[in-house]
Amino acid sequence: MALKINLNADIGESFGKYRIGNDSELMRIIGSANIACGMHAGDPTVMHDTTLLAHQNGVSIGAHPGYNDLWGFGRRELKMRLPDIEYLVAYQIGALEAIARANGLAVTHVKPHGQLHNMAIVNDGIATAIAKAVKAVNRDLIFVGLAGSEVEKAARKLDMRFAMEGYADRTYEDDGNLTSRAQPDAVIKDPQKAVAQVVGMVQEKAIICKSGKRIPAEIHSFCVHGDEPTAVALARAVRDGLEKAGIQVVPLTEMGL
Amino acid sequence: MALKINLNADIGESFGKYRIGNDSELMRIIGSANIACGMHAGDPTVMHDTTLLAHQNGVSIGAHPGYNDLWGFGRRELKMRLPDIEYLVAYQIGALEAIARANGLAVTHVKPHGQLHNMAIVNDGIATAIAKAVKAVNRDLIFVGLAGSEVEKAARKLDMRFAMEGYADRTYEDDGNLTSRAQPDAVIKDPQKAVAQVVGMVQEKAIICKSGKRIPAEIHSFCVHGDEPTAVALARAVRDGLEKAGIQVVPLTEMGL
Amino acid sequence: MALKINLNADIGESFGKYRIGNDSELMRIIGSANIACGMHAGDPTVMHDTTLLAHQNGVSIGAHPGYNDLWGFGRRELKMRLPDIEYLVAYQIGALEAIARANGLAVTHVKPHGQLHNMAIVNDGIATAIAKAVKAVNRDLIFVGLAGSEVEKAARKLDMRFAMEGYADRTYEDDGNLTSRAQPDAVIKDPQKAVAQVVGMVQEKAIICKSGKRIPAEIHSFCVHGDEPTAVALARAVRDGLEKAGIQVVPLTEMGL
Amino acid sequence: MALKINLNADIGESFGKYRIGNDSELMRIIGSANIACGMHAGDPTVMHDTTLLAHQNGVSIGAHPGYNDLWGFGRRELKMRLPDIEYLVAYQIGALEAIARANGLAVTHVKPHGQLHNMAIVNDGIATAIAKAVKAVNRDLIFVGLAGSEVEKAARKLDMRFAMEGYADRTYEDDGNLTSRAQPDAVIKDPQKAVAQVVGMVQEKAIICKSGKRIPAEIHSFCVHGDEPTAVALARAVRDGLEKAGIQVVPLTEMGL
């Protein structure tokens, strides 16, 4: 039986007259789209168009909730009370659900955006606030977060469907954490190295550290980026490399979670 | 069998540190709450608190979508493209649905807010855009709009559940339209006159015009206001007057729509 | 003595991570920049960067106030109370003035943006509200508006410095109004036709209607656009055509207003 | 010669239909108003009305710039890049200056709001970004900040006009810092104790610590609050107590800074 993997990307981050990203190209590469929900990016019309575009490409639809900080694109640290985070996340999931449902489509996963995700990775309270919102809104939703992080722990405690996420373009330390961006070798820019990392991690069911060490872990989804032409080229290479290795790229809903 | 009627009011219009309205008092008077959805007013936390408050008072929960114009409180005319209106309405309904569902509750009606409602009353395109959104998001939702308006026509065309709305504190012309606010007798300030109008319209199943003329019409819900102490007093009087007349105030969901 | 003319363009409409327009190219073409002030577009950092960029190009700095409607990019009709418009315009001019002044620079003109300008062109009340704000903030500011419009009339009544604006890429009817965009010949796409219109209008001190009719009028500034590559090419052609005809492109401050 | 002191308060924090605070009462108590500038609170129309109200009460006008976070009322920590803070502060000062100038009035001081002030108190970079903006916009502006904080240090380094601020309703530790709000005795609720602290600090030209220790310091302005009726009562008592002690409450512009 063929190996399967999911690729996900942040999509639908345009706003009004402002266009951003390479959505139509990315949609042909990924299996699942994390769609902005109108707070850090996106607006109702962009959300509508993006759910349709995902459907046309056989890509499953996820909510990508973030801080309500359009100026900062959800990338600035914002200290919110935990209940505010919980309801803000529920709000955004519901907004996308309704727009998808109006098109006969369904939201099937949730991945937090930018600084909200970054803070949740290391902060139990924030991770749990998000997880509670996801589960309370719809317990069938697949929660996507960094493997080994507080996000994963929160999801496990709440007994939720959880997708372990890995990175195609980032290196790993021996403890399984991502190499800090302060290090020169944190980011993988060579598409063939990214392909090797992803194919290896899928085939070996392990995180491959930059030292060569293997940490057993079943990654369900790799995050790819589309903000620059080089990022799209890398994502394309990853997709092609996976297929060449006989690994099928599927929506998260087909990962058996 | 006892006569029944619904009273509805706009609720949950606070935002962050800004408090507005008399929600806790109104909740003891009405049968259904139109809850702001974060665009013209309201925020996720206010929405959460308000759905719980409604539930505690046996009040059914409705979405109250408006223009995304917090400064203008949704009361300024804003010319949007019709598809933008449609998705904006779907967005807001979904946001409230998710927050309600996270509390084990359900949104059961939708009433457009302020200028969005005013424009829909006289504009077929806007009325239809809103109606399409309501139906597409959840065809069980009861759409609330002014009896005899373009909103009602749009709902009829789409074969939706529709609640005819009347006013306790406004007078009617012989053609069934509200007297223009430019006229001195447009607004009813005397609570006993408001009581008489409402009780009469329920008992006679007719709109009672200021001339005394009756226009057969089954009003399902009367709108009351809470922005000023006098408005709350009038609403309280209407509720008491209805009960004294043996007419039961119930949620919209119990109006047999 | 050489003929002089000003070219102006809307600039600095990026917002946070969202980039829009071709500012660096346009800055080499125009004499004066209309800089967005954070309501319909722009943010404080973009405003800072844009004032510096203008200075480096010898381009004079103008405020480009618009509706506070980022989603609609200031292009949607919004019915505001006249005093609200007045203070909103003052607010935006002041914000840009302070950012310019912190860089040792000065705001020297104001041109209303998008739908605010469109509505002012035909609405005396709105035109006057804007004009009052401009004059009250700084009576040396040059107010830029469509020649022959309510904006011009309001400026004349208030005895303000006013720059008559013409269009390089729009045709004129015999009454001096722009041909409606509903007409097929409303927009000039051929750069050489645009050049001919502009050069002719400057040399003949007249509006040249599409019929060939001349209406005596001294245009001080032509508006060019940068939202598409073809628009930049047309603007470039207009600049080159003016110089070839011996007409100097200067900042508005050098137009003797 | 009579002793003089300034009282300042945050004012003009209403937004659109949302009313907050007790501005008209506070205006009769204070000498200088910190007026919200449309980011954490306030809107152009509220700013206009508030500058006029200050003028009518002989109260000097200050800008009260904050984070652009209306939902959080500027009280949530937001990590901005330092240049973004600098331009955001300049933006807000300029916006208020223009609205004041249109009324023939002038902005004469700046006090940062809420979390922006809190972070500046302990963060040299943020304090300096704000100070640079204030000085660059208008070097005659009086910068108001907590005595002994990083804000004071930044102002001293930039050789700015600086007003040392003290608190009427907070206790001080022996090192001159405010007692942490986590401590039960952090806040002074008894109006007579507040009066004694303020009068003592003015007469003795010293910070009076809760231990009784005196730290020589010339406080120029005490901050009073108006968000609750008890706060207004305390502010009123402080004003009356100062006058009874023969200490005159004056605008910051009359403090000889």
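In order of appearance the chains are A, B, C and D, and numbering begins at 1 in each one.
The rule we apply is simple: a residue touches a chain if its C-beta (ideal position, glycine included) is under 8 Å from a C-beta of that chain, and two chains touch if they have at least 3 such contacts.
Just so we're clear, the structure is a prediction, and the values are computed from it rather than from any experiment.
For the pair subunit C and subunit D, chains touching both partners: A, B. Fitting subunit A to subunit B on Cα positions gives a rotation angle of 180°, stated in steps of 5. In this assembly, the C-alpha centroid of subunit A lies 40 Å from the C-alpha centroid of subunit B. Subunit B and subunit D have Cα centroids lying 43 Å from one another. Shown for subunit A are the residues that touch two or more other chains, namely 71-72. Taken together, the subunit A residues at the contact with subunit D in this complex read 68-69, 71-72, 76-80. Contacts from subunit D toward subunit B in the complex involve residues 15-18, 20, 43, 70-73, 75.
Those residues of subunit C whose C-beta lies close enough to touch subunit D in the complex are 38, 44-45, 47-48, 83-84, 87-88, 90-99, 101-103, 133, 136-138.
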